[in-house]
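Quick one: the structure is below, questions incoming.
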């Protein structure tokens, strides 16, 4: 933890890491660049940076659809379902990580197995239910759906992270008179910050990118960015640049969320807590 | 302040029967020390009392109330963990303040109490550090601090001073004794340190493989160990055991003499042997002697006692300090 | 650690999640089971007679069914292989000290932020397209010649796209796991004379076991249901070369409106997924404990 | 009080123009508000199908095609458009289109724009090749021209055709082409015809042309991809929907706007049906029977498919950009015929297209068969065709597989007894 | 077997200057014990020597070779961590075998050595347990086992016996001493236990706030502490310090007398005071006495020495055992 790395090593790693990062990021970079091209430049793969920059695609897009309405829905849906997910999953993961029984593993696997049903298979039943309860095109209905479909993942992730935390620290808090809620939110949660941060990030992304239910169960009031994108994929005529602009708009907010949560994905905190 | 009673308490981990059956009564305000070999079940017993583990059988009551199924928070005991179990995301200050916060104390009270405890524990300079930036002993002190700021019904200390230096340890010993004298709170204290056990305890419980070997005041155990195990366990360096002719002379299967009751001389005495290694502690010198009958004993001499390896020496036990044991290892009446 | 009290608390804490998931599972499941025995077409929803197992036999006798099943396994296996191995390597790299760590980490995580549809569109049109795509352009300029990815290697193309999307996930999980490895263990290993490779093999990898297991299980679940990427890029073709089970089932309902057969297909998919999961759990499940 | 209409539509250019002009409509009808749900074609189709089939009632107006209208109207899922207003002039609609959107003489959807098929070609390249486009091109001529026009080193490919699998993608083209060689999807007893002579010839030629003279990656090229290729000047010829014409002649989207010529779709046999114009499609607006806002919805449809709307677009976006293929009056407008060099060929093609059922063709439709099973079946067959094109199967294998798959499906659906 | 030299070694953690400047020579085969108050930098120094931390300045050489920039593995030292640092996913057996495996030993050798070490450490019954199923002391023994199975150039022990019971501790002490005698490997040993320090060390290094206060053999430190700090730190209970008249008598600012050199009597003596608490260890009794001039001192009596709280007592220092210190705290020549 306290050993210096040699400057050569650091330089080497810097080059390697940036190269890998660049390669992995390249398709997105290309999309962002393309979004500033004219449609004719967009289909010429030899134009990397040497093109005339234009913002016309963004203007065109905003003229067609109200980006912010979709954005706000995406924000509501992903944050809402994530919040709901955490409220349900933190206790559940705590239970399975720190009070395991013979059946814990089965329960965990069963949770995952609820995700095995192909979504289309459940489409008609769910659609009928939504019609029945008047939930179509409502944010709340969709938040609930996104919450349940991601719940197994959230539980799983938290479970793994919680498992790494020495149980004795929780015991200490019990001795210190903390009740269950305090144990969970004052002691466990802060210790698991990196894990919870990546879980939140993951869940937000999954909810943000969920493109089946969000398309089928919304029309306008609750339609998120997936619907926004669906209105830009493959229109007639050249569309790479406009598609890129729309994609950039759809990715940008979550990249920003990623940027902030990235700082939370810090080194594990348990070091030094127990012998 | 609480009385704690264990009735037929048992604990198994899977197949391993760690605590076969323990009965124990701890009175209001008593200072009880658990001693026993490593792995004998001291920490487990503490955790059972704390409510951190379920008993496999039997009942635990506090103040006469059966608490066997009461969760830890409901038992109102404070504990210092052998492994410290600090909150890694909190500073020293927050760690110590945590139980007070849980008890809903006011900010000023908390502040005052934390400052006080930190002062006692020499932690004032470290209040804003996180546990990972502390030395081993400092971490242990934080763990102690966290336990002593509250006013619980009883304290459970699991080797709380093991990583402290002698001076600090003496201080802390006095602090804890004083705390006890002040609050008259029941305390259960696990230690491997003979000095701690002897000086702090009202009552020592000697454990061995999950069984109570003997319960009594420190001097009682020192002077009248019930059996070979207790005799060998209490006192450091441990009691010398002699069998054969030397023992028969006292009509016993085995006799025990503590090093401090074995006078050493170069001129003459009851038992003859050859000096082995001498350990010079400064205050005392422990001479390891190989008796002519092949038995190995240790005798205590003065701090500046010198004897060369291989020299013949003579040892004389203080007759009235001899402990006699029968074949089964039980002590025989004096 | 566990006491009756924590155990009963645990049950209470687990209950809401279990109930929510159970409801989410059982209602569609029962309805789907019911539909799967009907000759229920979206285009003729009023008249849906009971036909027993006919939907199942029809679905299972579909000539593309076996190929889809094989493709499903290949897709899952291929992506897992790439993302686990790649994820470990990238996570190790990201764990090093270098300049611009935050930025690079974000770059590496970014593909996961991209909606599957968008990712597929971008790869199809701007990367893999032999005329407009960057890959083709690069291959052309080094003289190898552009490859028509989506026609010549459709399944591989889908694997590449999906792996690109999921690599960040495994990287993220593995990186978080790497960072929770107590430093003193690595130090102890170093003192014990272990070299970098040994430390990785004996200390780091066992530590990451659970994380790897989780990545495998979670990804498998998602990969078993890959749809958008296929829909956008190859449309399952040519032939059925890149059709997987979900795509097959989805086509039934979305192209033919055949709810009955699609439901049967859904049930079959669930069963198959459970079989796959069962073997996976046998393979890696023990890492979940402890 | 005000009514809000939710309109589901595809993201094609003409619809996007319609959205941008919505303000004009609401100005005329201040009590009506309009919510647009714009989705990609396939997604929209699935979305509205689910909704209408489950009576979800999410949409007041849906954009659907000539494929859905006959099926849905038979299910009584659509409200007849009997109240479009006095000045709507339904008789001005092109007869083939109007027929395709009517069931039992009642109009169930109003055409927004319509298309048939034609040949688009590069006049300059053809000239360079020393050839001249005949008035009625044959596939023999096309093959010859494709060979001459191809110059792969310059990135010019003689012919671009749809390869992307899908009933609305490669099958639209191949269904049309098969008819140019005299074959249908099904015979009078609903037996699939994929192993018939016409299909064999058509697909063999198609694969042959595309592998020799087509662009790389043809098996994943759909309408849009070909549109880009043609607009880039990479294609010598392209047989596809007539709507493409306004893009390839638009200087903003095309690099060869004034080098494009238009000709009828080629024929493979002497007496090819409909002169080769075996394609008819109209994106149309319809009202689900479940809509509570039928009156307002009809007002909107009336506005969006009216002559006045065409004038409005002409004023705002230019005359050549108006939605084509729906109204006779447009093609009587000399200005339009001048501004849109493709107009004449478009109207000719549409007028030639006759989708109605006949003795040897038991179904409505040309490039598709208007039965619910066709989507799935057509797409599955389309996959086989793509396999043939990509070389992973021979033409015979592909057609055989197509035949057996289609037979299986049709048997199950009860068409084949 | 290695000589270890520290030259101007410094260590800072951020702002905190933990080790200002240390010079230290450790000879081939020496057994060196580091003692010092908790938090004084002992573990840090060990980690610097091990190569687990970078020095902020200065050089470390092993066998004359500068290893300041050599990674831990290259230094070939074995270490017992204060925090144990066991591998949680390995069984006890695998934990102990790990260094041997890394050294590429054969399976049989490993097996033999592990069995041997486990026997010595009383761990044979626990070989197949994972660390989390062990008691504190058992964990510590595993950590020791892991270090002693190898044949490194030198050993670094960070409080290796702190959680063991007295009997086991004596055993382990002897084991380690024997290991040292056998291998003649250089050993550096951190401990808070006076007995360990006094009996095991060839050389004790007394640290205080990251500085070396004195280096010397145990008896040297005991008998001739260089200053007040060392005098107070070595020996338990600690040396009594007297100032004022009593000191002036010996021409010193302060004089120090260890409890064991202060004869206690109820009849008469040099210094008069009142008995306070008596601590009965069994082997000895420590009587805390409040002198009439207000100073507080401790005297050692025999194990059965009894004196009531408040009784007047007389103390007589052994004149030739008195330590004299000047105003700055440095020892004055005898």
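Labels for the chains are A, B, C, D and E, by order of writing; each one numbers its residues from 1.
Definition applied: a contact is a pair of C-beta atoms (placed from the backbone, for glycine too) under 8 Å apart; a residue touches a chain by one contact, two chains touch by 3 or more.
Going by UniProt, the chains are A = Carbohydrate ABC transporter permease; B, E = ABC transporter ATP-binding protein; C = Sugar ABC transporter permease.
These numbers were taken from a predicted model, which means no experiment stands behind them.
Asker: Starting at chain B, what is the smallest number of hops through touching chains needed to reach chain D?
Answerer: 2
Asker: Where the contacts of chain B and chain C overlap, which chains show up?
Answerer: Correct list: A, E.
Asker: Which two chains have the most C-beta pairs in contact?
Answerer: A-C
Asker: Centre-to-centre on C-alpha atoms, which chain is most distant from chain B?
Answerer: Ranked by distance of C-alpha centres from chain B, the top chain is D.
Asker: Work out per-chain C-alpha centres and flag the one nearest the whole-protein C-alpha centre.
Answerer: A
Asker: Report the inter-centroid distance (CA atoms only) between chain B and chain E in whole Å.
Answerer: 20
Asker: Measuring from the mean C-alpha position of chain C to the mean C-alpha position of chain E, what distance in angstrom results?
Answerer: The mean C-alpha positions of chain C and chain E differ by 57 Å.
Asker: Need the CA-centroid distance for the pair chain C / chain D, whole Å please.
Answerer: Computed value for the inter-centroid distance: 36 Å.
Asker: Based only on mean CA positions, could you tell me how far chain A sits from chain B in angstrom?
Answerer: So the centroids are 53 Å from each other.
Asker: Could you list which residues of chain A touch at least two other chains?
Answerer: Expected reply: 43, 123-124, 128, 171, 230, 233-234, 270-271, 275.
Asker: On chain D, where are the residues touching two or more other chains?
Answerer: Residue numbers touching two or more other chains: 46, 50, 54, 228.
Asker: Mark out which residues of chain C touch at least two other chains, giving numbers and ranges.
Answerer: In chain C, 1-2, 6, 42, 132, 136, 182, 184, 187, 254 touch at least two other chains.
Asker: Once bound in the complex, which stretches of chain B touch chain C?
Answerer: Contacts found on chain B: 51-54, 69-71.
Asker: Residue numbers of chain C touching chain A in their complex, please.
Answerer: Going by the criterion above, the answer is residues 1-2, 6-7, 9-11, 13-14, 16-18, 20-21, 24-25, 27-29, 31-32, 35, 42, 90, 93-94, 96-119, 121-123, 125-127, 132-134, 136-137, 164, 167-169, 172-173, 175-177, 179-184, 187, 210-211, 214, 217-218, 221-222, 224-225, 227-228, 232, 245-246, 249-250, 253-254, 259, 262-263, 265-267, 269-270, 273-274, 277, 281, 285, 288-289.
Asker: Contact residues on chain C for chain B in the complex?
Answerer: 1-6
Asker: Using the touch rule from the top, collect the residues of chain C that touch chain D in their complex.
Answerer: Those in contact with chain D are residues 41-45, 58, 63-64, 124, 129-132, 136, 146, 148, 150-152, 231, 233-241, 243, 251-252, 254-258.
Asker: With touch defined as at the start, can you tell me which chain D residues reach chain A in the complex?
Answerer: 6, 8, 11-13, 16, 19-20, 35-41, 43, 46-47, 50-51, 54-59, 222-224, 227-228, 231-232, 243-244, 247, 253, 255
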